[in-house]
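Note that chain A is present in both complexes that follow, paired respectively with chain B and with chain C.
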Partner chain A sequence: MTTAETPRQIAWKRRRDGLARSWQGFAGQKPALIGLILLGATVVLALLLPLISDESGLDVTKATGGPLRPPSADYWLGTDNYGRSVLLMTMWGSRISLLVGFSAALLSVVIGTLIGITAAHFGGWVSATLLRFTDFFLVLPSLILAIALSAVLPKGVGTIILAIGLTAWPSTARLVRAQTLTIESRPYIERAHALGGGHLHVIGKHVLPGVMPLVLANTTLVVGNAVIADATLSFLGVGDPNSVTWGLVLENALNNGAISAGAWWNVLPPGIAIVLVVLMFTLVGRGLETVFNPRLKK
Partner chain B sequence: MTALLQLKDLNVSYATGGTDVHAVRGVDLTLDPGGTLGIAGESGSGKSTVAMSVLRLLPRAATVSGEILLDGQDVTAMKWGRLRAVRWAEASIVFQGAMHALNPVRRVGEQIAEPIRLHPSDGRILTEAGVKARVADLLTQVDLPPSRAGAYPHELSGGQKQRVMIAMALACSPRLIIADEPTTALDVIVQAQVLDLLSRLVAEQKIGLIMISHDLSVLAATCERIAVMYDGEIVEQRPSAELMASPEHEHSRALAAAFPTVGDPVSRFAPATSNPLPPEPADRAPAGEPLLAAENLRVSFRDRTGKRIHAVAGVDLTVARDEIVALVGQSGSGKTTLARTLLGLQKPDSGVVRYDGKPVPARGAGLKAYRRQVQLVLQDPTSALNPVHTVYEAVAEGPRIHGLADERAVVTRALEAAELRPAEKFLDRLPHQLSGGQRQRVVIAGALALEPSMLVADEPVASLDASVRGEILALLLRLRRSLGLAALVITHDLGLAWNIADRVAVMYRGELVETGTVEQVLLDPQHEYTKSLLAALPGGTYRDDVKST
Partner chain C sequence: MTTPDQAAVLVDADEHRGGTGTARFVLRKIVEAVVSILLVIVLFFFLFRLLPGDPVATMIRDRPTSPQQLAELRQRMGVDDPVLVQFGRYLWGLLHGDLGESYLFTGRPVADMIGERLWPTVLLVGSATLLAVVIGLWLGIRAAWRRDSFFDRAQTGIALTLWSVPQFWLGLMLLVSTGGLFPSRGMHSPDAAPDFLSQTLDVAHHLVLPCVTLLAVFYAQYMLIMRSSLLGEMNADYLTTARAKGLRDELVRRRHAVPNALLPTTTLVFMQLGMVVAGAITVEAVFSWPGLGLLTYDALHGPDLPVLQGVFTVLASAVVLMNLLAELLYRVLDPRVRTS
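Up next is the complex of A and B:
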């Protein structure tokens, strides 16, 4: 097999070179780099939480502080009406928010890519059907659909992921379809057909590698949206009441009189956390877009 | 008498990245009032840069040194206001690619009127009626009915658009017109009309003309003198007839040889190449059983209004083993549709394609097997290769689809057959690291990797430089002679057919109007259309040459 390996090595070397080039293009953009570093730090922090903090502090019955205490040396961001540390809740909230964000984005991007490529590649009535289907989801108010879905399905993180994933894909599908159409109009697709390549060959060898960079950049933007959607759903009370999320912290603050009591430390930390995480994803996503979409380059 | 245009030691360099690229180096040119000068050269030789520098239309990254004297005034030293007055009023440009140089959302009359409004002659502003009259006058000069002023660019044919471009250039009665590849995208017949028109207008109105082209015969047909550029320098500058008859510099010779004169026995089966061709095998059998045959093939499309367009209207065509057939016709004649149908990429409305006597299956394993036998070579090798696939992957694509064993050996053999030697050197290159000719060889190697018995080549050299053209044609001829590989070459270029083909089929409006051996069809054409194609050749045919000298 020594002869067959050399071309594979060539291909891998080329891929490594390509990655290195993309990384250089990405690292050259300061905002994107800062976003990536902060995002990495957030993810690491969320993963290490069980080791560096005490989960029991989230339990209402074991709360040690007085209700609605302003920030102090013991509780840096104050306490909520049950006497729990807001800092602790905000940090733990990142776990669910990121999990939901990543999973829902992955789900929606997979659906969107599949439908987008299928619609563009096969054309004709397949395309017409899929596109009308996409349009239907596009015009449907996604928040209401998500609320309806999570009301019907059993409450839990999985339901939230499903609800967001199933409503967020149409824009990805449109994007992927447009990109697929441009790639399929290139003569090298005709050459692949003339060489005897079937649908799987054309899609797998030419179309998918061609749309992947755009899809990747789009994914990071979708994650930000999914984080917001997750917070919205939790805030509206359709999420899982047992897991701490940023939306839930905000809902508590509203329902338990923290806002009317002027306890701003109950509202601002989770709100700012949402803004920051979405901002990081947006920075990274825009950076990737600039690297992969040559038209955005100067 | 001062010269109309004088370039003295012109140097232009572009700052790209860290290094300066010298596009033009020490060019001296002189054009007298009413004179005509052709600038020939390949892409990248700097000919367009010279033309654009005359009106200071170069991008900011360009540094110009030397003198550009237009009517004795140095363009490089002009103030902005003076330069603005000079542009179009004294010198104007016919840009290349009339398809894209016109604004698609404005009527052509408005576009012709634009320079008239911007540059009122003698300082007085024309009335609206005056502008209209002038536009009508200009359209008449370029042989278009004045009523066409209300048309949008997409309603005009390529030749008509080019006429509009010429009318625009004439709008302010300039003393110099620079025509940058004015006929490159046009068909032979339309090209002849446009060249005629340009020559006539220039002669009537005593306008100086600088024409840029890669085709020496086009320049020779219109210009008194020709300057050949190579790598930013002028390597030869002489009167046209003299240069065409005995080009001195090797590059001029290459340019002249690249476009052979139809009928010239020297260039028959002898495309311009640096490697000698193998001799014709002595035992070459006369064309036997047809390998690929189209029988009464019909293909039609619906246009936007739902009207049927018959792209291919009842074509019978055969290609035998060990034979190169040239399919000749102008754009829109249906030749590409015919090729796509032969390859099974387009379904015919009626009629059959037979391969080796059996009808070609429309789908499934049968079609896949057929595609191993008949391979496609596309017009533009740059877009025919996936830009992120290496040469190895591009060539291995076919063998992988068909599950051929020992892929690496197959790929190496195919690259060697396409004369990319040593093959190892090219395996890990990406398309953008190759020259245009090398890319086309990779496309051909990708086809050869499947060991087909026939190639269908759609304008295989139309987007290549003159010097590469001969090499690729020689490759096709060599493959025929050494492997017996049959080919159907689609082209609008009769010289190509004369260079390598055994038989010619002339296609006109979806039908084959004339088929026969190259000598029969090109030297003794029967059909009116074939005659007009031959008459439109800017270099004329060989016998015409003899008469005129």
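Up next is the complex of A and C:
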């Protein structure tokens, strides 16, 4: 009896095996695995916050503690100038930061991938123009563009996501373009063309699957940058004034006397939170890169 | 932000196609830079004049304004003219060094405001970059030469951590932890003696914290770039040859490996200047350092759109020019590119 597998089944089996191999490669790296576990825990904590803590403590009019109290049994990380718990604000800050980080990174990676693939696939003047366009934006400091966008658009979380997403794509585009060029130089792409495959077929069936792993690794690194950019924008006062973010807590500390009063507990926790989140994404991203980037394999 | 890996791609991907003479290469690069600066002007005109819909409405959104003031402001900024007329007028003004007028400081020319804030930023960015390059390269060379040693691991770990630190937070931490050892705001103390030496020392004293803050994040970048660049040279044949000649380890490093590894690093130093400038905005905001960054920070709270447009156009153009310089410098420094 022959259990003849259809091409589809073969393809899926191959994909499953590939995935399992990649996972083993990833899980074999201790820092990357630790980063992933901590990241998962942070995301779960951020999602469960409304169940385990009281959001009303973030409201300046309902604050219960005295102003700028140092850490104590009641307020583990002290209070800010309005008497709000710094611990509570730091925990709630993770929600906006992660939301902005993920959404902005996704937006920028989608834009970057589209531009990168288009620039590599079509060649000719399209490619040349897109490449110049990308280089132009690569040279400009993306933070300045993001500040400009968030200064002129209505204030809010959506604006911050747009501002970061629309300005962070050039490095992804460069990466994707290079990878697409590598893939398209291989014989099987020529074969696909010869068999009558159109642009959409080649891009969707051959280029995209080949580019995705690297894009995934790149995305996690971009999320880290987006989290820093989000904090910077809120710190500069162009973020969403109505939600508690890490940048806003720090801005408040600078402008409302916590710094001059030496209230380090207003400054340390949000910053440590930013650094930890960014480090987690960097660890995961580097781990993925090691698995997927053939140039880094030893 | 670009990571060192991504930044390395930039240099790799740079066109190394031969066949063009130096004059043509220089000319092409200059034309490209001019086009980029024109794009910068158009981009920020679009962002600050067209994207808000009505820039005047954006600027007065948080403050009471009488219809009279509104009409006067509209008239002064000329927002009721057709877009092309506005752009033409703006370009004509630019050619004459006129960047428009501030909104918050009624009628002050933006070009003057930028002019008086330029020097503190140049001082801050310049000193921080210089120190970051020296420290970063030195550590990068040490780390790469003793790859996987304790020193290398520790340095790379510290650099990667600093990489994840938002600059303004580092500045805030320094402010809180040094507790009055250094001045926390501004550039001058009112009570410093008027002679040159005291004034210089006073500025230097004020410079310490902002400079260290900028430096701490950027040295890490240069270190990682130098490290990976030198690692790329480590197995090169010419190093084996140099060792076979019996040269001391230190000489092999200093005379043979480092100069070659310096090539890509030099251009990256220039290319990263844009990020240093962006970093200066937040650092100046933290320390009230009276440069373009603080001007930006203050203008954001208006928002004073003409000032923002002017500052960003100037900063972005400066970054484009620095890149042009980097590309030309690479040509001079790398004989392979020059002769090909």
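Operating definition for what follows: the second predicted complex is superposed on the first by the 289 of 298 C-alpha atoms of A that agree within 3 Å, B and C clash if a C-alpha of one lies under 4 Å from a C-alpha of the other, contacts with A are read in each partner's own complex, and residues count from 1 in each chain.
Basically, a contact is a pair of C-beta atoms (placed from the backbone, for glycine too) under 8 Å apart; a residue touches a chain by one contact, two chains touch by 3 or more.
Fair warning: this is a prediction, and the values are worked out from it, not measured in the lab.
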Clash or fit, chain B versus chain C on superposed chain A: fit
Partner chain(s) touched by A:L47 [first = chain B, second = chain C, both, neither]: neither
Which partner, chain B or chain C, touches more chain A residues: C
Touched partner set for A:A128, first chain B, second chain C, both or neither: neither
Contacts of A:K205 with chain B and chain C, given as first, second, both or neither: first
Touched partner set for A:R191, first chain B, second chain C, both or neither: first
Touching partner for A:V60 - first (chain B), second (chain C), both, neither: neither
Chain B versus chain C as contact partner of A:A27, first or second or both or neither: neither
Chain B, chain C and vertex chain A (Cα centres) - angle in steps of 10°: 90
Chain B versus chain C as contact partner of A:K13, first or second or both or neither: first
Lowest C-alpha to C-alpha distance for chain C against chain B (Å): 6
Chain A residues contacted in one complex by chain B, in the other by chain C: none
List of chain C residues in touch with chain A within their complex: 1-3, 5-6, 9-10, 13, 32, 36, 39-40, 44, 47-48, 51-52, 55, 58, 160-161, 163-170, 172-173, 175-177, 179, 184, 271, 274-275, 277-278, 281-282, 285-286, 296-297, 300-301, 303, 305, 308, 312, 315-316, 319-320, 323
Chain B - residues contacting chain A, complex: 343, 345, 367-368, 371-372, 375-376, 378-380, 383-386, 388, 390, 392-393, 396-398, 401-402, 406-409, 411, 427-428, 430, 443, 446-447, 450
Chain A residues touching chain C - in the complex, by the definition given at the top: 132, 136, 138-145, 147-149, 151-153, 171, 174-175, 178, 221, 224-225, 228-229, 231-232, 235-238, 250, 253-254, 259-260, 262-264, 267-268, 270-271, 274-275, 278-279, 282, 289
Chain B-facing residues of chain A, complex: 3-4, 6-7, 10-11, 13-14, 18, 186-188, 190-198, 201, 205-206, 209-210
